[in-house]
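Below, chain A partners chain B and then partners chain C, in two separate complexes.
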Partner chain A sequence: MLKPVRPGPGIVALALLGLVTVLPPLAVALYGLSERWDRSLWPEGATLAWLQQVLRDERVLSAAARTTALTLAQAVLTCTLGALATVSAYLYAPRLSALLNLLAQVPFAIPAVVVATTALEWFVGHWGGWLDARVLYVLLLVPLHFPLVHRGLAAALQRLDAQVLLEAGRTLGASEWRTIRGVLLPLLRPALVAAFLLALSAGALEFAIANLLLGGTHELLQPLMNSLRASSGHHAAALIMLSLSLIGLLTAVVQRLTRP
Partner chain B sequence: MALERRARAAWLLAAPLIALALLLVVLPFAWRSGSALWQCSVEPGCADLLSPYYTDALMNTVALSAASVLLALPLAVLAGMALLKRPGLAAFTQWLANQGANFAGVPLALAMTLLFGVQGLVTQSLGWSPVSIQGWSGLLVAYLCFQWPLAVVLLLPAMSLLDANLPEAAATLGASPWRYWRLVGLPLLAPSLVEVGVLLFANAAAAYATPFALAGGSAQVLSVRLSSLVSGDLFADPRLPALLALELFLLLALAMAVGRGWRRRLEASC
Partner chain C sequence: MPDSSAPSTPVLSLSDVSLHLGGRPIVQQVSFSLERGRCLALLGPSGCGKTTLLRGLAGLAPVSAGQVRIAGRDVTSLPPQDRDVGMVFQHYALFPNLTVLDNLCFGPLARGWRADRARDRAHTLLSMVGLTDHAHQRPGQLSGGQRQRVAMARALASEPQLLLMDEPFSAIDESFRLPLRRAFRRMQLELQQGCVIVTHDRSEALELADDIAVMLDGRLAHLGTPAQLLSQPASRAVAQFLGAFNLLDDLPAGLRQAMPDAPRPPAGWAAPLQALQRDEGRALHAQWWRWQGTVTDRHPGLHHDLLSLRDNSGLSLQMIDQPGRSRIGEPLDCVLDSAALHPLPH
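Presenting the complex of A and B:
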C-alpha cells in the first residue's frame, strides 16, 4: 500500500509565502472590483465603477500627474548623477569608490522619516521655505535612492571587468571616450535601465517624505491613497490596484534585464 | 599624469551627488543632532524629555524589528531550500516576493483591514480576529508580510551560489538533507544570513508608512513618534524630535556595525 506523502517544511514555507504575498493584494483587488464586501464572507457584485470613478476624479488625476512628474524627475536625476559617480569612480578613482560605498549606506542609517523631519525643520522652518517643496522633494530622494543605482551598476561593472575592457581599447589605439561610448555604455545599458526602473518604482512607493514634506499642499498618490482609505475604501482599493499593476510590470522588466 | 587627471575628473563628476548627500541629508542631520546635544549639555532637564512614553516606543521598535527578523529569516531559508529543489519556480517566486516586499504602507494597511478588521474575511471566517490590527500583533503580522518576501529576495541569490554538488555528496555519504543543512549549508550561508538579518532589522526599525497607515499617529514606534512631534500642531521642545532622530540613527548604526563585525568574524572562520 502506498504511504501518503507528507509535504516537507520547505514546501509548506513556500506555500505560506505564496499565501502571504498573494492574499493581501488579492483582497484589495477584490474590494476594488466589487460593489460591497460588508454583508457576507465574500464580496458582492462585480463592478468597474470604482475604477472608472477614480480615473475621472480631478484630485486623483492631478495627484497622479504630480507623482509622475516628480517620480520621473528624481529617477532621471538619481540615475544620471549616480551613474556618473559610480562608473567614473570604478574606472579611475578607487578612493572615490570607497566613499560612494559609504554614501550608499547612508539611507540605511538615516532613514526617510528622519530625512523628512530634518528637512521640515531645516529647510522649511529655519530657512523659511525659499526652496520650492517639490524641488526639495526631488533633491532629497536622489541620495536616498542612490544605493539602488550604485549596487546594480557596481555589480555590472565588476561582472564586465570594465577596467580590462578599457585597457583592451587603449591597446587597440581607441580613445578612452570612444571605448566608453562604443563598448562599455552599450554593455551597461540593461543595468542602467534596471537602475532607472528601480528608482522609478521606489519613487512611486515613497510615503514618508511625500506625506510629511508635501502633505496636502502638493498631494502625491501615496498620501492620497491614505486619505481616500478613510473616506472611500473602494476608491482607495481601485487606485492601489492600478498603481501596483504598473509597479508589478516595472519589477518584471527589471528582473528580466538583470537576469545573469 | 593622465591617470591623475582622470581621477580628478572622476571626483568632479561625482561632486553633485556627494554635495546633495552632504548638504541635504548628512550635514543637516549632524548639525541638528549636535545642536540638540549641545543644548542638552548647557540646559538642564534634557533627560526628562525622553519620558517612559518615548522609551516604550524605542523598546517597541526594537522588539518588533527583532521579532520580524527572527520569524522572517528562518521562513525565508525554508522557502529557499524548497526553491533550490525546484529551480523552475525560482524566477516566478522571486517576482512574487518582489511584489510582496513592495506591498507595504497604505496598500498593506487596507489589506489588513479587509482581512482582520471587524468585518474582515479572516475575522468573519473564524468568528474572531486572531490579530488586533492597531496593536502589536497587527503590526507584527503586517511587518512579516513584507519582511518575509524581502528576506527571500535578498537570500535567494546567496543560496543559489551554494555548490549544487554538496547536497548530493552529503547524501552519498549517508547524511540526511537536514544534517547537510545543519552542518554544511547553513554555516556556509551564515555571513549572508547576518547581512540579510541586519538589512531586515533596519528596514523594520525605519518603517514609517506601515505603522502610520495602520494605527495613525498613535502607533507606538519610534518613526511615528518622531513624525508626530514634527507634523503636529503643538510643537513640543525642538530638542525632542532631534533626540528621537538621533536615537533612531544610533539604533540603526549600531545594528549595522554589529552585523558587519559578526559577518567579518564568520567569514574569517569559514
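Presenting the complex of A and C:
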C-alpha cells in the first residue's frame, strides 16, 4: 500500500526560509519605529519621529530623487536592451542564445567592487570629465543586471514555444511585428514585468558601485543609509524601512496593472 | 496571362523539389501535383523528410532546388505570408492570449479583411466545427480535440488555396481521433479544400486521403490512390513499410504452375494480406494456389487477428483471420488468388 506523502521536511524548510527572510527587515522596522532598543531584549516606546525626521531631511530627499531617477533609468535600459537581445537571439539566431547565456554568467564572476574601481580608473581617472559619472553608473548596471532579464525571458520564450507561434503567425499572413505585438509581447508581459522589478530592486539596493563611483558627488540612498548608520541607527533603520516599503508598493502596483 | 483558377490548374505542383537542413539533404527531388478539392497524405516513417517537405511548401523552410507552384503561381521563393496557405501545426500553435474568435480573425485581419467580414467567416467556421459556444473562450480552456478543431478552423479562415496539416491528430487520444478525422474529411469534401496532410499513421492516410505519397529516406517512394497503394506498392521498401503484404522472393512451385508465364521481377512479389484466405472447402479456381501452413504466432487486434503461418518447406506467410478463431499450432488450409500478386520492380 502506498504511504501518503508527508510534507514535513518541506514545511520546516519553508518556515526556516521565511524566518531568515522576514526577521532582518522586521527587526530593522522595529528599530526604526521604537524610541530605543539598547536596554533589554525588546524595543521600547513606539514612535514615528525618526521617520518624520528622515522625510524632512534635505539630504535624504535629494538622494532619494537621484536614486529613483538612476534606478529607473538603468531598469528601463536593462529591460529594453536585454529583452531585445534575448528575444532576437531566440527567434532569429539560436546560436547567439548560447553566447547570451554565457554573458549572463559573467556578472556573477566579477565582484562589484572590482567593476567600480576599474570604472573609476578608466572613466574618471584616465578620461574623466567627458562622461558624467551618473551616466557611467547607469551604463555599468545594465550589463550587471542583464542576467535578471535574460534568464526569466529565455525561460518564458522556451515555455511558450515562441518560435512556433511566430511561424503560425507567418502562415496566417501576418507580419512578424504583428505577431510579436499582438501575441508574443502580451504573453511575455509577466516575464518582462518580473525582470523590470528585479532590475529595479537590484538597482535600488546596489551599494558598492554607488558608493565608490558617486559617493563623493552624487550621493545615492544606499551609501547614505550606510553613513546614517554611523551617526544614527534609528534614522538609517527608518530610511531602510521607507525604501523597502516603496519597492514593495511599486511591485504591487506594477503587478496589479499588468495582471493578465 | 494564364487563369490560375481554371479547374485544370493543380492547386499544388512540385517539380524536383529538394530541401537541405544544415547542409544535409533531407528531401530529394520530389515531384507531384494535387488537383483542387483533393487531399494528399504525405506518409512515411519518422525522419523520412515529410514534415520538412511540408514546411518547405509553407515557406517555413527554404527550398534548395526545384519549384513549388500553388494554384499555378510560382511561390518557391515567396515568404509564408504570400503563399496563400493555411497550416495546422502538430501541437496547434494557437495563440493562448487570444479568444477562439480572435484566433480565427487573426489571419483574415492580417490579410486586410474588414473586421465584420472576418468575424462572419469566423462564426461560419466555428459553426462548421461545432464550437460556436466556445467563441469567447481561450485555448487553455478547451480540450485537446476542441483545440484541434479551432486550429483547423483558424487555418481555413482566410480561405487559403491550400491547407497544410502536420500530424494534426497525433496529439489527440485515440478514442477522439477517429471521429475528429472523419469530421475533418467531411468538412474538407464539403469545402472542396485542397489539402496536404503529413502523417505516419497508415490507417489515417488511407481514410483521409485521395492520394498518398509515401516518403522513404527523403525521396518519394510511391504516389497513387489508397487502392493502388494497397494492391500495387511501387517497391519492396514501400510494401515493407506498409506491413500489409506477404512478400515472396520467388514464386513457390504451386504458384509457378498457376502463373506459368510470369516473369521473375527483380525484387520479388507482393500479395496483400487479404489475398491469403482460409480454404473452407471452396471449389478450386485455376488461378488460386492452395497452401497448408501451421499457425506459429497470433497477434490479436480489435477487428481481426494477424496470424503467422509456416509450411514444411519453411515458407512463412501472414494471414488476417477473425478474432479468436485460430490457435497456435493449428494447421490451416488456405488459398491465395494469384491475380493479387504484384511484381516488385525494386
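Here are a few things to note about the model shown:
Here is the rule we use: the second predicted complex is superposed on the first by the 226 of 260 C-alpha atoms of A that agree within 3 Å, B and C clash if a C-alpha of one lies under 4 Å from a C-alpha of the other, contacts with A are read in each partner's own complex, and residues count from 1 in each chain.
In this text, a contact is a pair of C-beta atoms (placed from the backbone, for glycine too) under 8 Å apart; a residue touches a chain by one contact, two chains touch by 3 or more.
Computed from a predicted model, the values in this text were never measured in an experiment.
In the overlay built on the shared chain, the residue A:R178 is in contact with chain C alone; chain B does not reach it.
Touch criterion met: A:L212 reaches chain B, while chain C stays clear of it. Looking at the shared chain after the overlay, A:T118 reaches chain B, while chain C stays out of its contact range. Taking chain B and chain C in turn and counting the residues of chain A each one touches, the greater count comes from B. Legend: residue contacts after superposition of the two complexes on their common chain; A:L84 is shown touching chain B, with no touch to chain C. Legend: residue contacts after superposition of the two complexes on their common chain; A:A168 is shown touching chain C, with no touch to chain B.
Judged by the touch definition given at the top, the superposed model places A:L187 against chain C, while chain B stays out of reach. Once the two complexes are overlaid on the shared chain, A:L41 sits against chain B while remaining clear of chain C.
In the superposed model, A:L96 lies in contact with chain B only, and not with chain C.
Chain A residues in contact with chain B (one complex) as well as with chain C (other complex) do not exist.
The part of chain A that touches chain C in the complex is made up of residues 160-161, 164-165, 167-175, 178, 182-183, 186-187, 260. Contact residues on chain C toward chain A in their complex (touch as defined above): 58-60, 79-81, 83, 85-87, 89, 91, 93-98, 106-107, 110-111, 154-155, 157-158, 164. Listed in rising order, the residues of chain B touching chain A in the complex are 3, 6-7, 9-11, 13-14, 16-18, 20-21, 24-26, 28-29, 31-32, 75-76, 78-79, 81-83, 85, 89, 91, 93-100, 102-115, 119, 121, 124-125, 144-145, 148-149, 152, 199, 202, 206, 208-209, 212-213, 223, 226-227, 229-231, 238, 241-242, 245, 248-249, 252-253, 256.
Remark: chain A residues 8-14, 16-18, 20-25, 27-28, 31, 37-38, 40-41, 81-82, 84-85, 88-89, 91-93, 96, 99-100, 103, 105-106, 108-123, 136, 139-140, 142-144, 146, 176, 201, 205, 207-208, 211-212, 215, 222, 225-226, 229, 233, 236-237, 240, 244, 247-248, 251-252, 255, 259 touch chain B in the complex.
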